[in-house]
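What follows is a set of structures to go through.
Below are two complexes that have chain A in common, paired first with chain B and then with chain C.
For the complex of A and B:
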């Protein structure tokens, strides 16, 4: 049977001021009927450009300079704008990365769904179109679809909006659905829901799917075939099982190795040395050669051609079977050896000094009620961001705060540093109760308790050079610096950056570099405690692995205590000693990392783990997956009893009446706030 | 919505009360006896005393304020000393001309400015966009009294195609419109340029939004995406500016009315100020203040129509 989509020799160029950049080069692939094909690669590899090119929606400076895009045998590149318009949304639909901004905020869902249909059936009867829209919303899981279609986008949550986007995309039953990172902005439990939905719709409607993502886990869980892209080239393509079980291209191998889910007990994550080359100065030969461990003279000078090995296509000069042992140079530097030597060190902190303790900590945010509202006696509503948290962090320990958006993990981290005002409870730092200290007294303490903020680029002032950013903490805390230049160099070296970066501005840095500068700034005054908010969010796998290694090295070198805030369980298995899982402002499970991963005792932890997309397609069918229904409720009005009970698969009547306390399970350090911890069978992640 | 209107009403009443107190005390802020200045040097003491008592100037200031408000609440602005006609009648005959002028120039500005802005945004950096930018910025810098004078000189004096002065005959619609054209254009010029720039900027921003890409990917025709999906979003910041702008137009209308000798509120207040006719100044300013408040309320209501995310109940009234 002919493929639905057949891309042949596709080349895409961007005209920029300096000249012409080639974003995609000689790309060949097909998508068969009812097939899910994944395009995976790091940022800048050209994967989203391919998606825009198929839709013929490239930005004005982008052109398809060679090749064909055959859709059911018609070359899309040769169609007129009007012919192409009629294909968009009817034969080929697309869903985008950010569901929050992909629906027009000022029109009702109804109008947007009607317009999408009228674009292809201008004469159709409104009532019929409306019925079809409601049916489609029901199909993608919007409750009360007939009523809710009258609502505006802002009245839906992020997960619901992505479902609506999918409903709009599938309205006309297209032959091909292009999904461009549709779950990257969503929490894991929602991601699992959306992936299941897409797969279910494919099975039911026979839609072919081209799924674009940076997440190897998602590809492994969803796709039938995989295309790996690097610097505008297809570097490897093949069946999902073969790609994940025996990757043939050095880049694919390196990418898979750097995924943190392989490394619960690993001492160090594998990274890929160097960084993705800029389109402005691509190497002349194989684009991956400068980072490849097998590169020869030829690789650096001559562009490779395609080889087919065991049904997998790779772009490489010569195929090397996976060596039995890793070559020594893959272990990058001396830190590793030291870390490996320390592997035997027992990381247990139960007896050591407590650096930070919280007792019944609460942080509520109140709505601002107007004067008149107050006069009319209206009570201000409260968002219970942190709702009674007891935690202890010991010196040298790494505690991870894990939860989905809205769980209160970031607010908790900020409250511990007194960046938010606690509503109730106590914060005790090194034995002193700092809960009500005035800011003037907190300030000297801040020098020793630093925060690494979430967004690496926007947390650096755009008008300051890296060197002044790094010297700022000294200025703020009136610490004299004898030799500013040397201090900056030392800090940069500590985080693995060269001293050339000192004269750059934040926008000239890559995401990983900016993140490293943020870490260096936090380390400038040699703090004891570092609160890191989503340290790897928004970074490519290989870059994120480098950051996690760095955090681990710094911990050993400087005896740092970490509180790491993240939604990504993959990250913490590698670095955390203990994990606190948060749900609606409370800690629901607190345990040392390994028991938490192998035998979780709270149904929410179990669900979170089973929702993680693991880069191993063989687990697809074996793994028992719990897909939570619904979404995290509003912290304005949390459910009575156990806050998790409406979504819990094990809940009973008692759960809706009595809130469970955080108490030891099996004795010892493993705490769970559940009435029925024995029902959790867990351990799904590393099964 | 009802909550919002209630809140809005309370603040409106407060603002009006404050402005009435201020207006009532206005006579005492300016040096000199109000009745004497009004009547001129040759007025007899008896006449002055009579006018003083008519204007309640013989009573303590607090009582004056109270009486002023009291009379207005009963629908009376008092009687004009010179003509003997009720001031409300004077305002009643001037007000429509001003409102019609303000709204027609607002309409002109919207009808010209928005399409120009949309065109520029959909053809960014084309030569037409550049020319439009040049014109828009020049228009913004032309104050209505300069524009008005030039229009008067060119079209009424040189070319003699337009009437130069007056409001025309209200019962003869074509004649009335003919008299309206030059002043309305003079008043609108600045706003055409301003709106064109404003709409261009916010359109460019909106056209980069994900939902525009999503709409195009759904196969919705480009024209519809631009004029329906993008424009409604781009108008939101524009409406905020228009609310304040309408008040600004009222101010500009004063100059234009004087230049074209239109019998509107501007001319009425201007003449009253020249002759220190306080009762008319007070009443006129109060009416203009009411118009201003109404214009802002209209803009806020237009807001909720355009942007469903704005919940008026949560806004400070």
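For the complex of A and C:
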């Protein structure tokens, strides 16, 4: 059967002020009927450009300078904008990364869904179209679709909005759905729901899907075939199983190796040296040559052609079989893992000095009540971001706070540092109760407890050079610096940056570099405690791997205590000693990493574990996947009893009446807040 | 062929070596703005040399003439040379406008920073006071105060400064509100920096650009306002050649000759344009977030 989409020799150029950039060159691939094809690559490799080109929605300065895009045999490049408009939204639909901004906030869902259909069926009966819209909403899992279609976008949560986007995209029953990172902004459990939905809709409707993502785990879980892109080139393409089991291109291999995972915690991640080249100065030969371990003279000078090996296409001069010393082993034998686990436990309890302790910590954000409401004695509502947390963090330990958005993990981290005012409870830092200290007394203490912020670039003052940013901590705390230049160089070197970076402004740094500068600034005054908020969020796999290695190294060198806040379980498995799983402002499970991953004792943890996207497609049918229904309830009004009970597969009557306490299960270190911990059986890898 | 860089000319290479100004001059609008501002400053500095006549010398027989060889721009109702009066008028414009805009800018920034960063009751009080000032039309306010203090150039400057403070304070306050949401302010707090340092070193430099462009665009507005006050007899007194006085006197004789108001009006328009273009280009060039995005 003919493929739905057949891209041949596609080349895309951008005209910019200084000349012409080639964003994509000589790209060939097909998408068959009912097939899910993944395009994977790091940022700046041209994957979104390809999507825009297929929709003929390139920015005004972008042109398709060569090649064909055959959609059901018609070359989209030759169609006029009018003809193209007829295809868009009808035969080819697209869903985008950010569900919060992709829906027009001032129109009801109903109007948006009718509009989408009207474009292609101007004569159709409104009632009929409405029925169709409701059916589609039901199909993508919007409860009470007939009522909720009257709502506005802001009345839906992020996951629901992405479902609505998908529903709108599928209204016209398109032959091809292009999905550009549709789950990147969503939590793991929601991501699992959306992936399941896309797969189900494909099976049901036979829609072909072109799925663009940077996440190898998602590709492994969802796709039939994979295209790996690098710097505008297709570097490898093939069947998903063979690409993950025996990647042939050096870049694909390197990418897979730099994926963090629980099973690799013994080691350092293998990073890819250098960074993705800018389109402005691409190397003349193979674009990957400067970062490739196998590169020869030829690679640097001559552009390679496509080779076909075992059904996989690679863009390389010669195929090097994987050296035997590097098995793509995902799960080390239990022997090694136990040793690692033991080392972690030893490390965390060897010096059992407690650095930070919280007792019954609560942070509520109160609404501002109107004057009238105050006079009437009405209480303002409150968001219970942190709702009674008891934690102890020992010196040299890495504690991870994990949970989905809205679980209160970031607020907890910020409250511990007194960046947020605690509502109740105590914060004890090195034996001193700092809960009610005034900011002036906290300030000197800040030198010893530092934070790494989520958004690396915007956390650096935009009008300061890197060198002054790094000297800020010294100036603030009036620490004399004898040789500022050397201090800056030393700090940069510590985080693996060269001294040239000292003269740059934040916007001139890449995400990974900015993150490193943020870490260097946090470490300038040699703190004891570092709170890292999503240290790898928004970074490409290979860059994130470098940051994780760095954090690991610094921990050893400087005997740091970390609190790492993240929703990424792969990161936690790789770096944390102990994990606190948070749900609606409370810790529901607290355990050393190893038992938490292999034998979780809380149903929420179990569901999180089963939602981890593991870059190994062979596991996707074997793993028992628990797809949680619904989303996190609002922290304004948490459910009675166990807050998790409405989503819990094991819940009983007791769960909705009595809130379970965090208590030890089998042995002293593993704590779980569940009435029935024995019912939970799933581990991270198998079930 | 991967990426073709267009060659740069000799002039461009020369201008590359001059910091800031070289950048401004490489943009056509920036260069135009700079040229106008430059001419304005030349007129201010070299007025005695450039002016062909004494600005106050009357010559009744040759009054209300159009442009001629003897009087390039013509003469006014007292036969005074218009070119000389416009050239000297630039001095009054500068003397009245720059100090009053500076007062407004500095006063507005201080109040705006206090209101925006401290917030709460301080914010409420400052906003109420500013709104009260703003509620008066500027001319009425100026009339009231000048009637009280008596007309003089210094009083005029103070009054204009006061009348313009609320605008700057409001912009500053709004900018502070948005700037303090930034993660780098949060990062600075987590480093233990005191508020004063955060405000002065991290917030102020990042909000200064729109205020400076506002000031550059206010200069000509203030020049016009000063002209209005002079017209009402509350600013500089005749025969001092303020552009406003030229305009208002010319207005009385518009049926006889259009030239005085044409020239004075054109001068005001061109000066406004020059300061605005120069200010805007300067803002773009000085914003480090745009460095490196212009050239590879």
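Criterion: the second predicted complex is superposed on the first by the 657 of 687 C-alpha atoms of A that agree within 3 Å, B and C clash if a C-alpha of one lies under 4 Å from a C-alpha of the other, contacts with A are read in each partner's own complex, and residues count from 1 in each chain.
Quick note on the criterion: a contact is a pair of C-beta atoms (placed from the backbone, for glycine too) under 8 Å apart; a residue touches a chain by one contact, two chains touch by 3 or more.
What you see is a predicted model; the values in this text were computed from it and never measured.
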Room on chain A for both chain B and chain C (clash or fit): fit
Is A:101 in contact with chain B, with chain C, with both, or with neither (first, second, both, neither)? first
May I ask for the angle at the C-alpha centre of chain A between those of chain B and chain C, rounded to a multiple of 10 degrees? 30
By the touch definition at the top of the document, which applies to A:57: first (chain B), second (chain C), both, or neither? first
Looking at the overlay, what does A:507 touch: chain B (first), chain C (second), both, or neither? second
Check whether A:275 is in contact with chain B, with chain C, with both or with neither, and answer first, second, both or neither. neither
In the superposed arrangement, does A:88 touch chain B (first), chain C (second), both or neither? first
Just to be sure I read the superposition right, which of the two partners does A:120 touch: chain B = first, chain C = second, or both, or neither? first
Rounded to the nearest angstrom, what is the minimum C-alpha distance from chain B to chain C in the superposition? 8
Residue overlap on chain A between the chain B interface and the chain C interface none
Given the complex with chain A, which residues does chain B contribute to the contact? 7, 10, 209-211, 213-222, 224, 228-229, 232-233, 236, 306-309, 316-317
In the complex formed with chain B, which residues of chain A make contact? 55, 57, 85-90, 93-94, 96-98, 101-107, 112, 115-116, 119-120, 152, 154, 165, 168-169, 370, 372
Can you name the residues of chain C that touch chain A in the complex? 1-6, 182-184, 186-194, 197, 201-202, 205-206, 288-289, 291-292, 294-296
Residue numbers of chain A touching chain C in their complex, please. 17-22, 279-282, 284, 417, 419, 442-447, 450-451, 453-455, 458-463, 472-473, 476-477, 505, 507-508, 518, 521
